Amino acid sequence: MSLLTVLFACMFYAATALLVFGLFFKIRSYARTPAPLKIPTTPAPTTKTGVVLRMTREVTLFESLFKSNKWIWLFGYMFHAALLLVVLRHLRYFTEPVWFWVDIVQPFGIYAGFAMVAGLGGLWARRFLVDRVRYISTPSDHLILALLVAIGITGLGMKFVAHTDIIAVKEFMLGLMVFDLQPLPADPVLLVHLTLVALLMTIFPISKLLHAPGIFFSPTRNQTDDPRDRRHISAWAAKLESGASSKSEA
Amino acid sequence: MGDLLGRYRSLRVFMDACVHCGACTDKCHYYIGTADPKNMPVARQELMRSVYRRHFTFAGKYFPSLVGAQDLTEELLQDWYKYYYQCSECRRCSVYCPYGIDTAEVTMAGREILDTVGIGQKYTNEIMGKLHRIGNNLGLPGPALEDTLLGLEEDIFDATGVPVKLPLDAEGAEVMLVTPSADFFSEPHVESLIGYAKVFHAAGIKWTLSSKASEAGNFGMFIGSYDNMRRAAMRIRDAALDLGVKRIVVGECGHAWRVAYSFWNTLTGVGHGGEDAFSKQLQQQLDPNYPAPQHICEFTYDLIQQGKLKFDKSLNDHRTITFHDSCNVARGSRMGDMPGGQFVIPREVIKAVANNFYDMQEGTINEATFCCGGGGGLLTDDLMEIRVKGALPRMEAFNNVVQDKQVNFLALICAICKAQFTKVVPYYGFDMSMIGGVHQLVATAILLEVPEETAQESVASDD
Amino acid sequence: ADAHEESSSGRVPVPVHPEGKGDKCVRDTAYMKRHHMELLKHHRDETMRNGIRTTEYSLKNCVSCHASKDTNSVLGKNGFCQSCHSYAAVTLDCFECHASKPKATAALNPALGQGLKAGDGSLASNM
Amino acid sequence: MSNNVDNSQNDNEQVNSRRQFLGWGAAVAGLAIAPGVTLLDIAHGRPADEPASSKIRWGMLIDSGKCATGCDDCVSACGKENGFSGKLETDSQWIRKIELKDLRTGNSHSLPMLCQHCEHPPCVDVCPTGASFKRADGIVLVDRHICIGCRYCMMACPYKARSFVHQELEDQNPDVPRGKGCVESCTLCVQRVDRGEQPACSDACAAAGHNAILFGDLNDPNSEIAKRIAASATTQVRADLDLNVGIRYQGI
Amino acid sequence: MNFEAFHKIEERAFYALAAALGLVVLIGLGAAHYMETHGHVVTGMNNQIVWGLPHVFAVFLIVAASGVLNVASIGSVFGKPIYKARAPLSGLLAIALLAGGLTVLMLDLGRPDRLIVAMTHFNFKSIFALNVILYTGFFAIVATYLWTMMERKMYGFSKYVGFSAFIWRIALTTATGSIFGFLVARQAYSSALLAPMFIIMSFSYGLAVFIIVQSFMYAWNGMKLDLAILRRMKNLLATFVGAVMYFTIVYHLTNLYFAKQWDFERFILLEGGVFTTLFWVGQMLIGTLIPLALLLHPTLGTRCKTVVWAAGMIIVGGFAQLYVIIIGGQAFPLNLFPGMQQSSSFFDGVIHHYQPTLPEFLLGMGGIGIAFLLTTIAVRVLRFIPQDDFHHVSKEMLTD
């Protein structure tokens, strides 16, 4: 067992732990924090099904963003859709036998790699070219984009320029999953790719990438518009009433 | 701040979720009007987010410059004060944010924090004081109110020959009307009040105003203080219980309607579907056949639908009308029973009473409406400059229909809009008389049965 | 002959395939693992376009060594090519056209020098 | 027989070292072919690593006068060599036997029709991907690795020489890979020609004693085919199209 | 500009329509999948008739795509305001129809999985490869064109982009026509007339499609099309139909008198069975004469319904015409040995037969489904006027 393998194995265990626990705590805090008032951005659906639909549209189509700005939508959507395909394509490293639908996704995933980098390119370009967006960009915004671009480029590099032994990569990954380390090929591009991925996993729960879980908890999007028909009250607000007389002193 | 984060999920999520995508940047009327980058919604949030980052996130604690985190310095506080009072909490940015991040929520939280550290805004606080002491924002005491109403009854009788009544504190009435106090004496607000009265009269519904709840507006919302908001709303509950009314109708006011529609049930149980004793006490009294509270436009619209009101549309023919969706109605509440009813119902009411109606350009109406520029507690002369600039986008769209369609009347359903526009339109070269309420139009066109003894008097138009 | 199978403790699923004939591949195993497709594609174009008919990197040659003793094919569940390709979910449509079984005639191994003698015209691939 | 191949070697060196590896194998292979070549006196087997040469232009001369009625040996030989039967209506037919009857004289005769290996092949001109191409030695082929199956070449070929594979195939001849979704046509038995043999059809015709198909290098003035073309009147089918075909006919 | 021109489609009807079209598309994809897994044996196509029904659909959609842009061209290039207001819809339809057509074409390939090959390997001599480039360019140009029309600050450029779209489109239809026109081998094709004929066909089909879509949109929104507009459009349509007829006649006459393609002409015009019927009844009667009569009729011709019916018939006639051109052209056997009777196991010397099968038809319908699904969605989604440049917009509006 080479040092490298052990090193990367540790790195992945650590990154996974950070990702999982970080997200867990963040999501728990979102879920536990009460939303005392009804604040859906109207017009909003009046039923739960409606809300699910609205959220689905937001998550799958980026509806609000589309209304807002066609260019950001175009690039943002391109990036996210491609990212999804790429990630699905990557599932082949973690499943044996490979799920049949992951198999079907494979050919599209390759195009998606390019689309992802192109989308990121567009998003990044606007951070330089559009004054308004340049003004609000922080270094971390650039770094996250750089990180994703670098992951994409090293990935594509492995696919098209410097092949790695993906059979061995898969064995390594499967090995990690059952705590049985398998040797990892020592290709520089692969190592960079993996390191950056671990970095991405690490910063996920402490960065703006929290928008992914966050969107599901956004009260302006996930509430039903039915305040007149249903009383909505949070625990801490209900306490104000308990014991209080039905009439105020005013 | 930690306290607020713990109490408001909205704040917690909004602090984390923004990706600086920039979608909201050009959506705020104050940014469009002032071109001050700190008026971009995301920049406004960033004032708070930077502090949040510094204190509550790992990256902010250890790599502040990387994520733009900073300590809450005196200077920053000044900025907070400046920019949290350059947001009218209109939620336009929230419509466009992919995560629905609502800068208004952040603004409220910001103001609440400012309040706790003792940098409150004079205007809002004075008004809240008046409300708590007297019962309305204008500080109009009960007897004065009664006088005003009597005066109005006379005016109506003189003009129409119809004895339309404006009852105050009438116990056992079916409907309690809660309306912004400006309706009692400011122009053109009063005209709408007359409109409500005529509608009640024509429909033959017993109604009343309340001296205790003579104010629909709730400035508690502007500083985002749950307690203040609740205290203000409690007066309505008390009045309703006192007068034993079955229905509560809210007059033309944007943020009042948002509070009433979205929060009253939560805050004080004015509504339906409450399970607890506190809300049941009131809700058993309210008539379940009607939504509680109900907007005056919904109320009038229902009557129109039932054919209970008669109009002569041609009486409004000297007007060419356009309608401004008030931001709080458009994006913070609803009318009717389907999403988007708040856009349809006022327009249907206008179309029922007038012939010439044109909408402003798409993208500036409905949920994309531009704020009047004076909402959110900015309606003070101290902030005149920002109010004028903030009205720019709305005025541009208005100007377009004025040019294209010869529009000469801007119909509103919000006391703040009315007050703001009457002040601001002159800066844009329009006449104050172009501003008015939807129920002012109703008042003009409604046909009342003139009792025989006064039949000889002519029906005059109201402006 | 195969590194990864040795290191496997059995808990990690790995592709299992028959060993090739002879003791060496046309290049060393590690190289083949990563680059066989390049060799094949390059050779494919050379043969197709230019009529270069060296046997070394020809698909026929691969098949002749790598076909399984049981099925006489490189395809199939544990077939040499397919075992890896389905493991890694990489498409392998070559054998829609190319025979997946070595030719039945005479000696199978071109290393023995008879690979060039062919063309008796028999449809011998199915056996 | 040790040859430890270094990863860094380029392909050329590879080929060389490979030959060392094969050692005597390659040499024997060359020898094994030699007799056939001399026997048939057509062409010389080209070394396996040498590309097809543009000095050569392969072609055929088909003597309709010698082509026997009722015989279709060439057709079945082609099917056998290349692995198809032509039973279904949609099956490939790289070569077919056409019976002709002169409408004026009533004379009838027959001839095999196959890809004419045009010098200016319309099929190559129209092919969008460049899958149809003409090899240096004049053989027109479809590179089925990049053929997308659009069938435009079939529309363009004046001789209906091409077939589309309509169905999945099994048990192909290892020497002649073919598969569903691509267009194909007579390859002039390129796999045989490259080995120095002659096409299966002409072989079969000779074997049956008809000798109606003469295969050879049109560019080589000493070849029999060139001599015969020079000596006697030959035709190109649809000469009006000026395609300068590689398959010539006699006695139409 | 008048924003009411961009009309909204009603919510529920939209979802119903989108679902229905989506189903058509899905069925089409299913059919393509079936064709691919089983191979083309399951179609009516064979080694004689190599292009079948899918190509009739695809060529129709592609030709109509180019023609439908005419409306925009007349608006932008020739500056006619009533056409200008329709330019965005026309551009949208152009993109949608082309996408539908290309999808059909692509899914009918023997190896659709090699799409990437088709986009990376070009044989520049091939008119087909040229078409691939022209199609891609068409998408790009029309998309830009739409953008310049929808986004105010770009509006100034729309005339120039419109002009290049116009040029591009002529090139595109010329090239589409040339796909057939350059086939020297076949009697039916090999004619320089085909390129201009395709252009004029595209005008006629495109306008017919446009009129139908437009009238559906109006009906949907409960609006009435202005009679003057209708009259202008139907006159134009009648002109185009007349021109197609003219070209058809000239094409057959040249075949008869100059090219001496007697046998082929006898086949199509007299003895070709289904092709003869399709030519006379489908193309000439339904696709040309009746619509002409309807359109030019002094009273009937001014009714919206009549015009829509006429447009519908022109489309039916168009399909018939393409069927005759594409499949009829292949059905007539190649004549390798003039003056001789030919026979073989490969159907030399006999009329080739073709029996279209369901999957082919479904695939074709799927293409139409794609075209209209895209249109429906886009019409709905793009009702949002771009927000970004409100500032600018309103200023410009003031100066309007």
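Labels for the chains are A, B, C, D and E, by order of writing; each one numbers its residues from 1.
The definition used in the following text is that contacts are C-beta pairs under 8 Å (C-beta built on N, C-alpha and C of every residue); 3 or more make two chains touch, one makes a residue touch a chain.
Protein identities per chain, from UniProt: A = Hdr menaquinol oxidoreductase cytochrome b subunit; B = Hdr menaquinol oxidoreductase iron-sulfur subunit; D = Hdr menaquinol oxidoreductase iron-sulfur subunit 1; E = Oxidoreductase.
This structure is a prediction, so every number in the text was calculated from the model and none was measured.
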What is the touch distance from chain D to chain E (Oxidoreductase), in steps? 1
Among the chains, which is located farthest from chain B on the basis of C-alpha centroids? D
Which of A-B and A-C has more C-beta contact pairs: A-B
Just how far, in Å, is the C-alpha centre of chain D from the one of chain B? 86
Centre distance in Å when chain A and chain B are each reduced to the mean of their C-alpha atoms: 38
Where chain C and chain E (Oxidoreductase) are represented by their mean Cα positions, the distance between them in whole Å: 48
Where the CA atoms of chain C average out and where those of chain D average out, how many Å apart are those spots? 27
Please set out, as single numbers or ranges, the residues of chain D touching at least two other chains. 168, 180, 182
Sites on chain E (Oxidoreductase) at which at least two other chains make contact: 113, 384, 386-388
Among chain B residues, those touching two or more other chains are 26-27, 96, 368
Residue numbers of chain B touching chain A in their complex, please. 5-10, 12-14, 16-27, 37, 40, 42-43, 46, 57-59, 65-68, 91, 94-102, 105, 132, 226-227, 230-231, 234-235, 237-238, 241, 261-267, 269, 271-276, 278-279, 281-282, 291-293, 330-334, 337-343, 367-368
For a test of understanding, state which residues of chain E (Oxidoreductase) touch chain D in their complex under the given definition. 36, 38-41, 45-48, 50-51, 109-112, 114-115, 117-118, 121-123, 125-129, 131-132, 179, 182-186, 330, 334, 336-337, 339-346, 348
Touching residues of chain D toward chain E (Oxidoreductase) in the complex: what are they? 75, 86, 88-90, 92-93, 96-104, 113, 122, 124-131, 146-152, 154-160, 162-168, 180-183, 237-238, 241, 252
Touching chain B in the complex, chain A uses residues 26, 29-30, 33-39, 41-46, 50, 58, 62, 64-65, 67-69, 72, 76, 126, 130, 132-133, 135-141, 143, 203, 206-208, 210-211, 214-215, 217-221, 225, 227-233, 236-238, 240-241, 244, 246-248, 250
Which residues of chain C touch chain D in their complex? 24, 26-28, 31, 42, 44-46, 48-56, 60, 63, 96-99, 101-103, 110-119, 121-126
